[in-house]
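One chain, chain A, appears in both complexes that follow, with chain B as partner in the first and chain C in the second.
After this line comes the complex of A and B, so read on.
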């Protein structure tokens, strides 16, 4: 895996930066501006510590302590009618804050409101599983473990869900290269043929746009095919496309191109 | 009752056609290429379309089978993920010889647009491929043409030819 480097690294620095530029933010509103949310927040605040709360895009965002997550979600589900956990995962803030932000996106069909519970954990910490409350958390927590390496305590089956069980690394971390580390690059070769096959099969060719028209071993030009291995000059004659060999195929009538009709009307 | 009519003016008066063993074996092989149903992603939809009524693969003798043990050709239609790589190899090993592989679409050929950690960059890293069909996704016509080319390839080889492993594994 690559090591963390600060994002403002010199080579990537822009030549010119606007000193007065303020990156646009989605506006945040006070929770008091919505009475339903205000009541919900009261109910949460009565029992748990709330670090921050605001309304963004008509959804309330509440920051809580990571130890409280099960209890808060229990309260939301049983008392405040947020009966669905529509989404949950983590956000990688390792470079900036040495930790992850975990979010739970809740939906109340009765109140027609969406609410997001957020919490921050340090790198290496585990969270409490909410699988007992919401069945949808089962796979989401496994995915969170698979993609970020965050374990959920008390989860019935804490294993990878998308990547193979013997995979190394957590692909959604910002440090994980998109094209994979060395383990990923040789995964299928190592697993099927063993490490000694690496030399025979060779490294992955990642440049998919690479077409060498002078390479007649691996490419042919349609309509101008030549036998494999021929040196290509660039002015190969056009080869007539025949579906059958010259001397014909046993018992199969040969197509006579002159007698055939080309249908131009697709709606025939 | 059906009457068998013998044309005594042809073939020396006998209902006989002469050919070589190679030709008749290859004729049988090339006109009954049973394909393993192997749709892995969106290309699989085009493969299904090729099998359905409009493009009608059955007239080439290509009938999709659900078991590798009954199949002659494996049409790898779609994205091969690293997780799935071992299974494609196992299914390929389960096919009886002679066997062929058509790699259909950019994903199966080279990994295609999925230049990521999770995609095998071309099925030929795992199994030997006879025919690569370009396109994303190739039209059913391309697949038909591919099957015809495969028929030609089968007929061009000796029937008794031992199947040579393309890779020493």
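After this line comes the complex of A and C, so read on.
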């Protein structure tokens, strides 16, 4: 049977894979093989349900229920000397398991041990914030929300951190496009003037910071602009700062700068 | 056809709001010269005192984690240079080590020694850069020139090794690509012999300097609990009373064979952090002297291997590729398709000049990592400003940002 491949995964894919290739595994060891970890796991198991636990590359990995995350981390911090949350984030498993895997990377300096708490949440579910235990989770959870759209309950400031506040989409999802929209420059032109005017109007200038290097005439002549090609005399009349054409734009009144008022009552 | 332009003039209204209190909001950055990159701080001020600070980051966000998911492992190596671009080999190393642990590779000893040399040179470069820029922010122009002069020697040495000054890409998964050049050790010796005097010069200028002390002492005090809770690592943590250096506690490479001390302080203020950087430079020099001896021993013992031998993951030496058919085939597959590490996940921390630099890699057996998370120290060293700045005054902001030693390639990734 052919291997199922998610259709909306736009990530780069290996262009060739041997169909009989079976990937080896990074060896997993029993937790009993390490005394310190065995004790820690026992302490966790006494209070919470542990789905799976093993040691991989010298670090213990413990799978727990997502609703226990705050209490497990509290136990780790207060009783088991895991004083630092080094890192936390999520892994997108939407296509295969309809959810996210979330990991908390913990460090105990007294024991010189690192362990990873992992849990699985369904798409659309929120996690409990651990910001009250570890302040570092404040930013990590914001980053996780920004990148995956996973919200943290009881977080003091659940806003995007790396992307702009008004950004649409969550970049680290496997379905997030790798390229921009190449037709975006025409959308406004088509909507306002119609497709047939494309030749006349030309593509929209998408780079707002762009300065035409040959337009030395009108650059920085704010309020005294002249048409291109005009000879500058230095006595250009002041251009009225009136907003656009008459009844041009919906809901926007024509502004006359002279009549503008200072609003003292914020409620108006 | 030419575009018909209609003149658009901005729409605005003059709106002012009366506020009950005297609080002022000051926008610090993102283009502030002492923000060390693209940091925007929104500061709520009560007179000159900060009552609330809101660091706003993301101006240098390039989506490196997303890039990593769409690149073969070797392809990602030069991208890691752009994280902490002040000490780029340490990023290369962190990534290489994580992939090696994932595969289970053992790197030849000579390559390990060269890697340690590169790492410590990078640490020196980073600390010298820190000293230069922080001193400049506080107004000590001479220190800036002095420290940049010394850093230039190191950059020249590294330029001789890998051809690049800032973005080295000097380390490969499985070893190092090249042996060090003939002049490397002589030049390094010359530098190291001078370094104690240089550091003493800096300290003579700064340690009893009234302005420096006023800007540094008892300013920006981070308690031990706060440092641990905010995930601070490296000099930030050690200045706050936690003696934790990954090189010492969880030794990687050959750090268990070299002798060095871990400086620490329980003061937690700017001055303690400044002392950390100065002492660490001395310790790095100590390590470098020892690596020179170790390197010469490798040469004497005839250990010439620079890359691990593992045909499934690592290309054969160039000579083999050019002469042997099977090596050529393997090399072709590894370059075009990329290596496929085993299924599994690792989190590997290393002590970069700024703190704990960790790489979390989740591999599903494909040539691209399924998920790669970069744990960069500066991210949390920026976050701590939220809690650290309130109660301080505007001039302290500059010195506090200085001593946190944040680099924005690393914060925003």
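Structure notes:
The working rule: the second predicted complex is superposed on the first by the 160 of 268 C-alpha atoms of A that agree within 3 Å, B and C clash if a C-alpha of one lies under 4 Å from a C-alpha of the other, contacts with A are read in each partner's own complex, and residues count from 1 in each chain.
Methods note: a residue touches a chain if its C-beta (ideal position, glycine included) is under 8 Å from a C-beta of that chain, and two chains touch if they have at least 3 such contacts.
Computed from a predicted model, the values in this text were never measured in an experiment.
In the superposition on chain A, contact is made by A:178 with both chain B and chain C.
In the superposed model, A:200 makes contact with both chain B and chain C. In the superposed model, A:70 lies in contact with neither chain B nor chain C. In the superposed model, A:191 lies in contact with chain B only, and not with chain C. Residue contacts after overlaying the shared chain place A:29 against neither chain B nor chain C. Touching more residues of chain A than its counterpart among chain B and chain C is C. By the touch criterion defined above, A:161 lies against chain C but remains apart from chain B after alignment on the C-alpha atoms of chain A.
In the superposed model, A:89 lies in contact with chain C only, and not with chain B. In the superposition on chain A, the residues of chain A touched by chain B in one structure and by chain C in the other are 162-164, 171, 176, 178, 200-201, 243-245, 252. Looking at the complex, you find that chain A touches chain B at residues 162-164, 171, 176-181, 184, 187-189, 191-193, 197, 200-201, 204-206, 208, 243-245, 249-252.
Contacts from chain B toward chain A in the complex involve residues 17, 19, 23-24, 27, 30-31, 82-83, 85-86, 89, 106, 110-113, 115-118, 120-122, 125-126, 148, 152, 155-156, 167-169. Interface residues of chain A, counted against chain C in their complex, comprise 11-12, 14-17, 21, 23-26, 28, 56-57, 59, 61, 83-87, 89, 91-92, 103, 105, 109, 112, 114, 116, 134-136, 138-139, 147, 160-164, 171-172, 176, 178, 199-202, 225, 239, 241-245, 252, 255, 260-264, 266.
Those residues of chain C that touch chain A in the complex are listed here as 1-4, 6-18, 57-58, 61, 63, 65-66, 69-71, 101-102, 104, 226, 228-231, 242, 244, 249-250, 337-338, 340, 342-349, 356, 358, 360, 362-368, 370-371, 373, 375, 379-380, 383-384, 386-387, 412-413.
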